[in-house]
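Two complexes follow with chain A in common, the first pairing it with chain B and the second with chain C.
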Partner chain A sequence: MPVNVVVLMKPVVDPKAIVNFRPDGTIDRSAVKLVVNPYDKYAIEAAVQLKEKLGGKVVGIAMAPLHAVDSLREALAIGVDEFILLSDLKLAGSDTLATSYALSAAIRKIWQKLGSLDLILCGIESSDSNTGHIGPEVGEWLGLPSVSYVDSILEVRDGSVLVKRLIEGGYVVMKVKLPAVLSIAGTSYQPRIPALREVLAARRKQITVWNTAEVGIDQSLVGLAGSPTRVVRMWRIEIKRRGKIFSDPDVDKMLEKFLEEIRRDGISLGVRS
Partner chain B sequence: MPVDFELTKEQEDVKATVREFAEKYIAPRAIEFEEKQMIPPEITREMGRLGLFGVTYPEEYGGLGLDPVTAGLILEEIVRADLTFSLAVAYLVPASWGYVACKYGSEEFRDDIIRKAAGGDLWIGIATTEPGAGSDLAGISTTARRDGDSYVVSGEKAYISGVREAREKGVWFELGGGHVTLAYTDKSKLHRGMSLFFVPLTDPGISVRLEKEFGRKGWSYGSFVLDNVKVPGKYRIGEEGRGFYIAMEGFDHARAYIALACAVGGKRAIELAAEYAKQRRAFGEPIATFQGVQFQLADNWARLEAAHSLAYRALWALKMEQEGRLGRYEVTKIAASAKLFAVQTAKAAIDDALRWFGAYGYTEENPVALAMKAVKSYDWAEGSLDIMRLIVAREVLGREYIARRR
Partner chain C sequence: MTFSKILVYVETSEDSPAEHSLELIWKARELASKADMSVEAVLVGHGVFDIAREVTYRGVSKVHVVDNPRLATYSLIPYTTAIAEVIKKTEPEIALFSATVIGRELAPRVAARLKTGITADCTDVDIGSWVDPSTGRKYEKVLYQIRPTYGGEIMAAIVTPSHRPQMATVRPGLFPIPPRDTSRSGEIVGWNIEIADEEFSKIEVLEVRREQRKVDLKSAKLIVSGGRGCGLKGLELVRELAEVLGGEVGASRAAVDSGWISYDHQVGLTGQTVKPEVYIAIGISGAVQHVVGMKDSKIVIAINKDPDAPIFRVTDYGIVGDLFVVVPKLIEKLKRR
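== the complex of A and B ==
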């Protein structure tokens, strides 16, 4: 059965870029390159693999300023069929609750356009804020079941999806009713590098921009006003940790010195079986 | 404001994609290329999937239709990841010779060969050099005799890149490959009696022998003997008698790419050596603190920057030629200048960079040492430095100063 999938993506500051901070501690975003959140790339790969296996359509969506549009082309090159950029100044300052609300409203509109929707995929978190909220929150807003830390999608059949979910020390297999929201952990879906032909073609594809009015977003629920979270202060963490080398030709003595030192620091060693 | 070094968005995308591929798949294994004397086939297969063996071929034949400047941006990423230059050879030879073969080849050749090469199923190499002729191409003895719809080709080509990869089907390329081969169709006419043919190396009538290369060991190097090998007429590249001139055009492309590879390889060597110089301490300080290292670094870097820019100017000149806005001779002059300068500049830079490594520099595990061996090959490959000098002098002085054939 063909599956229609929406993939959530967040343009983030390139984790490989050198970032400059403004005097107030915030990141100077004007000069840095934006890329698709690396965690979301696993979700894109999962969606494209589903499409290749079962058919259907993959629609990407991101909520970001207009200038982020370039960073989203990669998703189109990998195999996302259509891309929606939800962009509006009124969305600026939205926290995860407001963001997930706005995205949910846009997903509803996509759902309506597609006629049917089976899965909503996203990365487990973003590389720049690492909350991991968006997936589960979107599930709540839409009233859909959501599963986080999904290692792999095993099967889509008879209106439900079988997923392998990572837990500490192992995994559980869960059967979830469709439509569902899945946050994909980056283990089973190594993102492919798109062929250059697709990369060039992606540049020629249209990315649709929606504003809050078009989507029917309640403006009191987005932006700073709609965000219960406040960033009070940002500061740089100076890492002053230094390595220490313990050396002694006698390994036992060397270990003893090491243990002595960490005991002094109040660290106790547990034994894990 | 016509002079502009800015990249288009498409170029940025292409560069970023190839960089990701090169960092993930090429860089971690580049040392292995030299050690095992081969490129792991999964790398050429993946490069084929990405479209890297058909970047310059027209889109109507399955290529990407990229101009030489953009093709150069891709080469940069490949060289940065692999200082053995093995993949640089694998990439730049088809980008140059495949392009020229497509330009002058028959419609059947384009449909039959270029399409497959663009899809990564077949590699296109170049074979002009022979045991008895290199710089003096008129001295070749390979001949092609017309026989109905075909040609019967006999002779020996020596020191040719990619003979193993083209010979063996189903390993690096599904269908192996072949070489654009220079042969006399009428020896009495010297340069005007030469023709070019695409010769599939998978032909059972061809015997291949491998050389033990000095460097660039990942991509094979060797000779092949053609003993009355039948080559279909549709595989003739251009008119009979035009082979030498078409080959000169192919050389221009290859030289511009080689110039770029050398400039970028030299810069990468300096970068790696600079990293080492920051770590390595002597006399109580990192050796990067010493002006003896700093001044060498600065002189080499400045020259490499110049070589880098000149290489792009040569690639740009090729693009201008494609658009009919620059003449052949001007392109040849810039391409030859670029190769002449970049090879010498890179060799000197790498020699200095290697010295900063001290004894560790003199090992096969040091990518800079491998770069030194690779760059050395361009003293002659695709036209020796002295031939470059003759070309530049000829184009500056005028053709009446060409030394007479003795």
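== the complex of A and C ==
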């Protein structure tokens, strides 16, 4: 049975970059490189593996400003067949409820175009806001079952998907009726690196841009005005750690320095006598 | 009729309320006394009335119970319906969930059902008034939802001014457990919530594999943890160092998933939250999911060969080097002292 999969992707500020504030206290995203959320790469890998095994189509979607487009080409190189960028100034400032609503509307439209849809995959959370809300909230807007913390997709059969889900202290195996939304935690997928040839081919592939009107999004439910939550303040955490780093090719010397330093700082390693 | 209450979703663990849920009750009681509100709880399952009684001993004035044989084990969609219906009927100002692997999928689902806002993974919550700077309108009993963002470098305070309930998931391990006082009496209310058959059949649990937890890292004074960088051999070094220092052995999930050490040693989001005097991370990169479990340790020491490893951002003493060289020498030096 071929499966049609939609993968949700979020362009995020490169997790390795140091974040800067503007004078008004908001985050300055202009200077930093955008990359695909690392957790979403596990979802892409899972989708592409399903396609290779069972056939079907993989459609990527991101809700982001137009300049994020370059960060999305990698997905096309890895095997996503088609990409939709949902982009509209009216979406700026959307919180997770508003974002999940807008994405659900776009998924409905993709679903209509494909004729059938089996799975909606996303990363367990984004590396910048780490909420994990989008999967369950999209599931609720679409009236579909959702599973978070999916370690791996075991099998798709007879209108259901078997998944392994992480829990505290172990796993559960669950059978979920299709269509379903799965948030991939990723511990068992190794995202592939595209070959140069695929990267070049992806540059020529088209990314379709949709705005809110084309998707039929109720504009009162998105953007800052459509978002129930409001960020009222942000501040940098002062790291209270001492941050003393020891690095020396002469390991003995380095360790002597380290032991001397902690002794001077009055720290006991509680050595057994 | 007062709408001024805080509702806490209580997860169960065996036949008791989960510890993290009791921590949340502690915090809810603090907020409630500050803003003159009451604390209520909601419990979903089967045969959970005794657990509800336990919850009242922790200082909750009312426990709402949805008890139904078909709810005996957790299932996302019917649990969403049960909790959302109780919220609709009782109209709390605030609804709090623990940020566990269950709470983090259940709470947003409930929020979307109720079309209200939610904040994930709060490390603290507070209550007070808030004035919208653009309209000048003042809101009362506003929940300040405080959480790290941008991978933990930045903190944000978030409010939900005009939607109710104001919802948040709160990280476990941050607050004390309120004392158990059997002289307290609270009301227990059973709700009969109609849940369609279809809701039960969408997700079926076929198999549960869970390891028993034996090692108690929570009370350890010193923990030496090993990660993926260790391999089976490196974990031997980790054990030896822990032995020399009289500490316990911890691990990252990567080390546990590789089968080098059992789950009861795992520190982090899906493992244990620890607060030792000294935490030594060896061959651990410092992923957020690991760091949330150990960041409240008094002193953190890391040994890693990658000078850019994120763990070094949260350490007091970082040793850059190959653990297979560093750790044996460290053991030797410690033994000599």
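Keep in mind that, in the parts below, the second predicted complex is superposed on the first by the 241 of 273 C-alpha atoms of A that agree within 3 Å, B and C clash if a C-alpha of one lies under 4 Å from a C-alpha of the other, contacts with A are read in each partner's own complex, and residues count from 1 in each chain.
Operating definition for what follows: contacts are C-beta pairs under 8 Å (C-beta built on N, C-alpha and C of every residue); 3 or more make two chains touch, one makes a residue touch a chain.
Note that the coordinates shown come from a computational prediction; the quantities given were computed from them, not determined experimentally.
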Touched partner set for A:P145, first chain B, second chain C, both or neither: second
Touching partner for A:K244 - first (chain B), second (chain C), both, neither: second
Which of chain B and chain C A:G79 touches, first, second, both or neither: neither
Partner chain in contact with A:M174 - chain B first, chain C second, else both or neither: second
Partner chain(s) touched by A:G123 [first = chain B, second = chain C, both, neither]: neither
First (chain B), second (chain C), both or neither touched by A:V231: second
First, second, both or neither for A:P194, with chain B first and chain C second: first
Residue contacts on chain A - larger count, chain B or chain C: C
Contact residues of chain A, present in both the chain B and the chain C interface: none
Chain A - residues contacting chain B, complex: 70, 73-74, 77, 193-197, 199-200, 202-203
Touch list for chain A against partner chain C, complex: 13, 15, 18-19, 27, 95-97, 100, 127-133, 135-137, 139-141, 145-149, 162, 166-177, 180, 183, 187, 227-237, 239, 241-247, 251-252, 254-256, 258-259, 261-262, 267, 269-272
Chain C residues within the chain A interface of the complex: 76-77, 80, 100-102, 104-106, 108-109, 111-113, 115-121, 130, 144-145, 148-163, 201-213, 221-222, 244-247, 253, 257, 263-264, 270-271, 277-278, 288, 299-300, 307, 312-321, 325-326, 329-330, 333-334, 337
Partner chain A, residues of chain B touching it in the complex: 9-10, 13-14, 17-18, 20-21, 24, 49-52, 55, 64
